[in-house]
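Okay, here's the structure, questions in a sec.
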Amino acid sequence: MLHIGVVGEGVCSRATGRDAERVGAAIARAGAVLLCGGRAGVMQAASRGAARAGGTVVGVLPGFSRHDANRWVTIPVVTGMDQARNVVLVRSCDAVIAVGGRYGTLSEIALALKLGVPVVGLRTWRLAPPERRRVPLVRARTPDEAVRLALRAARRAAGAAHTWQS
Amino acid sequence: MLHIGVVGEGVCSRATGRDAERVGAAIARAGAVLLCGGRAGVMQAASRGAARAGGTVVGVLPGFSRHDANRWVTIPVVTGMDQARNVVLVRSCDAVIAVGGRYGTLSEIALALKLGVPVVGLRTWRLAPPERRRVPLVRARTPDEAVRLALRAARRAAGAAHTWQS
Amino acid sequence: MLHIGVVGEGVCSRATGRDAERVGAAIARAGAVLLCGGRAGVMQAASRGAARAGGTVVGVLPGFSRHDANRWVTIPVVTGMDQARNVVLVRSCDAVIAVGGRYGTLSEIALALKLGVPVVGLRTWRLAPPERRRVPLVRARTPDEAVRLALRAARRAAGAAHTWQS
Amino acid sequence: MLHIGVVGEGVCSRATGRDAERVGAAIARAGAVLLCGGRAGVMQAASRGAARAGGTVVGVLPGFSRHDANRWVTIPVVTGMDQARNVVLVRSCDAVIAVGGRYGTLSEIALALKLGVPVVGLRTWRLAPPERRRVPLVRARTPDEAVRLALRAARRAAGAAHTWQS
């Protein structure tokens, strides 16, 4: 089963929340598991979208209590590691979708790029490395396109890992 | 939904494996989610028990790949943090059952005691603190008793946390 | 005593290595402790600069063995947490200097921004957030300027933290 | 340079504190670096002993601020990972001395045993594994004996690691 992460800020505009909710719903409709940071803002909107569409929502929480999770999280994972939980979240995904986002989201995009997890961005950071290398951050224009691109990349990544394993 | 952890060694005897499988099955039949380290031995036996009984199995993996999970894990969480994943596992549980076990299991028992997560032991470590304090490690004689005691403690712990939250 | 972090890629050009070495030397001459990831490339060059100038070099290592540290590290810290060590590194600094850098460095810049640790960049990533907010990543043109700016920001940050504490 | 860890509870009796201080002093006099959790109780007493004897004290802190360190810590490392810092602490040591201790200390003893780091106990936990295996936890009767045994084990462990590396 594919694991798609959604990362984004904990306080977001209405428009960004709507996008995140659509992203979550499309992930669930595709039969994939949604992973996120389990808190408010983009995380909550995506969780709601997925849960209402009947999907499973894993919330990888930074704090000490399961009660920090938003109400749409079905599997809370309590790390007690603050921002180090971003690594656990990203590593557990076949692909990650960044919706908007501030510094925490930027760290998750960077960690995904570092770990080789495909990233799709929807109105998110633009990044220019020091030596004009190409950054493999795919840009989508709509929530549906973001999920389509993420699923495609996830299937390719999961397939590659599998082949490499066997 | 209650989260019950099962901790134990990665290589185990047949008898210990049978116990772990029964523990996993009883957790699933009670409608609780099983969390474990996601690998072999006690973890795999408990996962198999739970999965065959239709339960959800979260595997909190120490390594870098989801493919390290045993085949009964339904939700693999990939920490890439080796033994530090023990903290994430224990913290995510309402109660933990230790089945047999070596040093990794001992660390999980200790972390549960430290974090205030109830622990039930089935043929596991005996611990004598330096100053004869009482260690709240409940001992069970059978897999079913272990799960019954863990669920009771988990309900009390979850209830207390909830009350304290609201 | 001030703690200044130097982050940058594990394989770097000669020019970048020269810059990193000068950064390390200037940190040590200022009487500050240098923290870095403890490995090769920018980390090693900065460590060499600091150690040769008589400074203390803390290497926060991603792997399992102290023997992974470059030979200029005086205090190796072995996390066994791969990229999650980036959080430990950044959190332990009063200010961070990014020299060049790829994705790991980008994650460290992002984590510093998230945690409120001042960051100075020397020929490093350019970042445009989704909503045109100003990113407080100060740019330096020379190693000496980078260290001067980092020390100034570190003193301000350490002072603020201290006031806030008492 | 050898790294010796001292683990023990955050609130301790006067007698235990005296022992910890002597342990710290003997570590510093032997020219080894002392690592500890950086907080109060046994950690602070050991830090004071080492610092007063002119030694270096690395404090691997569980919280978010360097200001949590006791005043004798010379190199604070801020993990922000609560109990997961125990893994970082133990992994960074050539040997660990447990002085008294409660559950956190028990977790550190267990992690050291798991990771193959030699452990010496001074009035600490007694441990009986489920299958009567011998636990390699060496017991000392005095602070000086504890440090002597730890240094000997550390030299052997460091030597072995080195040989294995080359």
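Just so it is clear, A, B, C and D label the chains in written order, and each chain counts residues from 1 on its own.
Here is the rule we use: contacts are C-beta pairs under 8 Å (C-beta built on N, C-alpha and C of every residue); 3 or more make two chains touch, one makes a residue touch a chain.
This structure is a prediction, so every number in the text was calculated from the model and none was measured.
Trainee: On a CA-centroid basis, which chain has its centre farthest from subunit D's?
Mentor: A
Trainee: At the place where copies subunit A and subunit D touch, is the share of residue numbers found on both sides over half (same) or under half (different)?
Mentor: Mostly same residues: over half of the interface numbers shared.
Trainee: Could you put a whole-Å number on the gap between the CA centroids of subunit A and subunit B?
Mentor: That pair's centroid distance is 28 Å.
Trainee: Centroid of subunit B to centroid of subunit C, CA atoms only: how many Å?
Mentor: Whole-Å distance between the two chain centres: 39.
Trainee: Give the residues of subunit D touching no fewer than two other chains, as numbers and ranges.
Mentor: 64, 80-84, 87-88
Trainee: What residues of subunit C sit close enough to touch subunit B in their complex?
Mentor: Touching subunit B: residues 64, 80-84 of subunit C.
Trainee: For a test of understanding, state which residues of subunit B touch subunit D in their complex under the given definition.
Mentor: By the definition above, subunit B touches subunit D via 81-84, 87-88, 100-104, 106-107, 109-111, 113-115, 123-131, 133.
Trainee: Quick check: in the complex, which residue numbers of subunit C touch subunit D?
Mentor: 1, 3, 33, 56, 58, 60, 64-67, 74-81, 87-88, 91-92, 161-162, 165
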